[in-house]
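In what follows, chain A forms one complex with chain B and a second complex with chain C.
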Partner chain A sequence: MTATTLVPASRASGTESQHRGRRRQEWLGYLFISPAVVLFAVFIGGPFVFAIALSLFSWDLLTPAEFVGLDNFVTLFQDPVLFQAFGNTFIFAFASVVTHIVGGLLLALGVNRIASRVVSYFVRTAVFFPFIISWAAVSLLWQYLLDPTFGLVNHYLDRLGIQPPDWFLDPSWALPAIIGIDFWHTLGFTFIIMLAGLQTVPEHLTEAAKTDGANRWQIFWNVTVPMMSPTLFFATVVTFIGAFQIFDPVQIITNGGPDDATTTLVMYMYEQGFQAFQIGYASAVAIIVFVVIMLVTLLQFWTSRKWVHQQ
Partner chain B sequence: MNRQNSSATQWPFSRRRMLQLLGGAAALPLTGGLTACGGAPGAATKGSADAGAVEFVYLGDVNHRKQFEQLFAQFNEQHPEIELRATAKSGSWAEFAYAVATQIAGGRPPDIVQIATEGQRLFSSKGVLEPLDEFIENDRSYVDEYYDDIHENLRLWTQRYGSPDENTYYIPGGYNPIVQFCNTELLEKAGVDLPEEGWSWDDLMSAGKKVKAQGAYLMTVQHNYWHDVLPWLTNNGTSSLDESWTTSLMNSPEAIEAGEMARALVAEGYAPEPGGSYDPPTLMQRGELAAFHDGAFGIVNVDRVGMTDKTKVVFFPNNGVHGSPVGWDAWDITRESPNKQDAWTFIKFLMSVEGSSFFAETGGTIVPARRSVATSDAFLGNAPEGSIKLVEVLDVATPVPSPDRGPEIQHIVEEGWLQVISGYADARTQFNKTHDKIGPLL
Partner chain C sequence: MTVAVQSPKRRRRKLRTGSVILDVALAGFGVVMIAPLVWLLSTSLTDPAEAFQIPPNWVPVNATFDNFSGVNDLVPFGQMALNSLTVSVIATVGSLLVSALAAYGFSRFSFRGRNGIFIMMLSALMVPAQLLIIPVFILMRTLNLVDTLVALWLPALIHVFSIFFLRQYFNSIPRDLDDAAKIDGAGHVWILFRMIVPLSAPAISAMAILVFEASWNNYFGPLIFISTPENMTLPLGLVTLQDAQGGVAPTGVFAAITLVVLPVLLVFLLFQRQFVASIATAGIRG
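Showing the complex of A and B:
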């Protein structure tokens, strides 16, 4: 009898102790993540909520804000410059994703085959190096290089008998020029990710494919690409998000011109907020940028179920 | 073991409470911002302004700061009882205006803001500035002496464009027009005459041809609103907007003619292709450029490349009508300033001969407001021959059109002008488009 009463008591005591232990651990977890959560709340979460609220106001910073409901969004969908900015941004983001993924993967495949470690290190550093230079410096550098009168690129194209285009003046060349500069600047990042992904492809699978008589293309397409698909997926998502927020080079080099040919969404948001003092409208543009990025990212995650190989 | 021991420790907050606190932290920027945006202008500043120290905000970078500190030291020698705190904000005028507006919205308005033409109407029309009429009346003779020594136009323009009502919100300061800095050595070598009053547009093409024969460019053609577009327009009797800044003039025959003239210089190879990133004074120093146009900053630039003795300043090329865009600084006191009287004392110091001389003597980038200082050796002593034109051109200058949505209009005009001078659009078609885009912003 005593024993039967003691056992449940002991069990109860043990369960409570375990429960306390779990709670303590839980709180320790909260404690450890709290700096990050507080920073996120103050610098990202809070401003995000604030931006949503602001998008419902008309506010010029100097006079009281006026609640306008969804007026900013209505205006937004009738704004021709915004549509052009949308188009430019999508073209830029699409071109950026394609060129970075293809270029980064090809470069990684090439570098992965270099036998000499010294040469391999040199190429890796050389390709990655532009990525550590600030956008401001890169923009100024390319402005000098592509100067229509004094630029080195035009000078050598001229000597080769090629009539160089007006890189930043011709509306049909300005956006491709910015895409090219972005490719040069940020390819190193995608390349490093691809190289890391490539080195995770199990060697025994490629060896097995070789034994089965697969040629190089078959090995690449049926072994390397599927095994690298999580890396490709990650690179695609990250490149799109970064490209969709492109701002620095267009602001510094073309200021959105010529004839709005390089105006992007974030640049338009900057112009509306920081130059036109239309804080509410700029916030509405920011919300649209967020929604588009979120939708495209969700779409990428949804389609990833069909092509990303999960080990 | 330790885990078990510490499991007895009671946490002061429940998980729910903790999340509430984190949520509160997230809401901080929201509530702070809404306080500012929901209240009357400056309402959030009640009791928060720093009574005692006078805060003066001006457009300037680190280089300017050192010079300004000398000015502030001079002021403090005269008024040790006033603590002056100066804040330099760098960037364009639009960025400066935004930074100041953010500061005001954030509930910490400065006492004095040095505002350029581009922002004067915007700030005075929003009710954030204190009318200065009472201060002026109390120091009438002092202010009159200052007004007598500055160009009449400066006072009239400041009143006309900077005061949406009958009140006076600004005291005008130094100004900047556009003139042309010419390489006399290169022009002499090319056999080009340089009239005292500058070239006419008729002279320009023949001068360009002779300079090109020397393997150099005559001048630069770019698309900066104040620096490059308006000089062409004002020297053909027009501007981007009319005098009241309510109607676009970009499709006027004069504007179209100006665009065509600027394009012709590029097309003939008398000016480098626009959109480049070259430094005109350096090109001039290398003998590759006969002239560049600039404001008072041109004096600093020719000095930088050691060309002061070989440079002559003339008016910008004209088509029978002399002109120039002009922008100027102005000083004001914010409505919420708790130190208005001290702020006024500092503004009076800036108006003084001593204050005005400072802008002349420290290699400043602006023409001093006082004519007596601008025409003295303090300003012209080490300047190229003919620099007095920077003062004289004020007689025929046109204020930089700066309506409330000026930065957007400026961007549209610059884009349209760039299309024309680079040959991607003809002036008539492009400027009609520019005109149509500007209309809704006015």
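Showing the complex of A and C:
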């Protein structure tokens, strides 16, 4: 037992019988974690190692796999579709982070100040509703909402005097349309996180700033935002990681089109792996997704540690 | 200190005049957010001949339930709903059982490699499901489990975040309680399931909501593993219904979407507080 153990569980060792009891303890501990360990090995640990190995092979699932070393990665770095997919995924993730953080924070600030309890309940529920609906239902619904002939959105844009595009057939509007749908679908999540974060801002600080003559804008920038920075950072990271794996609406609505305008990394991995059956190549694409997510997670881990020390 | 203790009621009254505009603006935003769902419900109840008019119908025209009755003719909708329920219930109950056992092991015993195993499991939270799905697909193919419900719930039995979350919670339960129970002759299984699990009800329900919802809404897994309509779950079933559009009127698709969405929304209204708590504590984005 090392000194860095987090949980003080074992009693002080000494006599022989205590020693035997400890052996039994060890054995029981392994017993309790064994189902999880077996399942972990079969469905997470093993597949992880296997996926990395697969990326070094060329395999179509039918003919024997052929070891090709890093060839898949060399091909990847010359693959224009991969670059397009990488760009689309980054644009999507970036737009998702900006819209959700700004929208979620403003909404949480507003809802926190709402006077009527009924209005507050209504807004919280209305914003959260879309988040619990499956992406499949959301995608189908929005295909109709954004339909150029009988869609609601185009009708109301028309009324406002805006000439709406044919969203999913126009390469420059398909990705923004998916960004908009994602905003509707997941704003509720960011909103809840922000609302929880807002509760952590001590009221006596804002009150003190008010007494000192600070206006709302100054209080927001100099008290609320700094006090909420851990929440803002956490929400940014979680939103980015979620958005970076976007797949369902793309596959359902546009299937990556038009002209790969909405092909994201996971969409490309799906096409390569489960439609073209380039298993090794698809694994290499998935590894790129993994590496980006790992870097972002480690960044979060590292910075949040620094924050804890500063507080 | 008097400032901090100021009652929210007094603050509310002071703000009232200025905040009417804010209330109206936010209520308006809420209306816009919920409008697509109102349109969905209204259209699913509208006579197909009257549906999808411009300007849109916000209330059903010639209200009818016919759109709903046609859904099951086109895809085995009832079977799909049953599949969704089966998979989600097994995944939720099974993963919580596995997680509670593991969390108890990590929390109450010390054994060689405990921290190492725990940290290894935690690092797996960084690994996206898409990286694992190809090897898991090959495994399922080898085991002849492709196109079965087993392929959907079996990999879901390991839920690392629940293990982590429950271990944290179990650690906060004093060990004196364990010792007292042991003196009374209780075994580990009794202590875990009769004492620690009931004491951890908030954590367990948060994880149950999280796992159930993820499983209920899962589209990626079924898309990879399932090909026969009779074995599909609702999200994939919806999309195939839409694609098999030869015979489906759009109002039929809307009726199907409503059938999928409405129960979830009603359950949400009943358990709103638990839903929100599970999101706020876990911070996992669907």
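Here is the rule we go by: the second predicted complex is superposed on the first by the 251 of 311 C-alpha atoms of A that agree within 3 Å, B and C clash if a C-alpha of one lies under 4 Å from a C-alpha of the other, contacts with A are read in each partner's own complex, and residues count from 1 in each chain.
We take it that a residue touches a chain if its C-beta (ideal position, glycine included) is under 8 Å from a C-beta of that chain, and two chains touch if they have at least 3 such contacts.
Note that the structure is a prediction, hence the values are computed from the model and not measured.
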Note to self: Under the stated touch criterion, name the partner, chain B or chain C, that contacts more residues in chain A.
What the structure shows: C
Next item on the list: Using the superposition on chain A described above, determine whether A:D79 touches chain B (first), chain C (second), both, or neither.
Entry: neither
Next item on the list: Would you sort A:D260 into first (chain B), second (chain C), both or neither based on which partner it touches?
Entry: first
Note to self: For A:D71, using the defined touch cut-off, is the partner it touches chain B, chain C, both, or neither? Pick first, second, both or neither.
What the structure shows: neither
Next item on the list: Answer with first, second, both or neither: which of chain B and chain C does A:V127 touch in the superposed model?
Entry: second
Next item on the list: Applying the touch criterion given at the start, work out whether A:D60 contacts chain B, chain C, both or neither, answering first, second, both or neither.
Entry: first
Notebook entry, point to check: Looking at the overlay, what does A:Y144 touch: chain B (first), chain C (second), both, or neither?
Noted result: both
Notebook entry, point to check: Which partner does A:Y30 contact after superposing on A: first (chain B), second (chain C), both, neither?
Noted result: both
Next item on the list: Once the structures are superposed on A, label A:Q275 by its partner contacts, choosing first (chain B), second (chain C), both or neither.
Entry: first
Checklist line | Contact residues of chain A, present in both the chain B and the chain C interface | finding: 25-27, 30, 37, 42, 45-47, 50, 54, 61, 140, 143-144, 150, 274
Check: Which chain A residues qualify as touching chain C in the complex?
Finding: 1-2, 4-7, 9-10, 25-33, 35-37, 39-40, 42-48, 50-51, 54, 61, 107, 110-111, 113-116, 119, 122-123, 125-137, 139-145, 150, 152, 155, 184, 186-187, 189, 192-193, 195-196, 202-204, 207-208, 211, 234, 238-239, 241-242, 245, 247-248, 251-252, 266, 269-270, 273-274, 279, 282-283, 286-287, 289-290, 293-294, 297
Next item on the list: Within their complex, state which residues of chain C touch chain A.
Entry: 1, 3-4, 6, 12, 15-16, 19-20, 22-23, 25-27, 29-31, 33-37, 39-40, 52-56, 98-99, 101-102, 104-112, 114-115, 117, 120-121, 124-132, 134-139, 154-155, 157-158, 160, 163, 171, 175, 188, 213, 216-217, 219-220, 223-224, 234-236, 238-239, 242, 250, 253-254, 257, 260-261, 264-265, 268-269, 272, 275-276, 279-280, 283-286
Next item on the list: Sort out for me which residues of chain B touch chain A in the complex.
Entry: 3-4, 6-9, 11, 15, 18, 22-23, 25-30, 33-34, 37-41, 94-95, 98, 101-102, 104-105, 122-123, 126-128, 272-278, 405, 407-408, 411, 414-415, 418-419, 422, 424-425
Check: Can you name the residues of chain A that touch chain B in the complex?
Finding: 17, 20-21, 23-27, 30, 34, 37-38, 41-42, 45-47, 49-50, 53-54, 57, 59-65, 140, 143-144, 147-151, 166, 168-171, 255-260, 271, 274-277
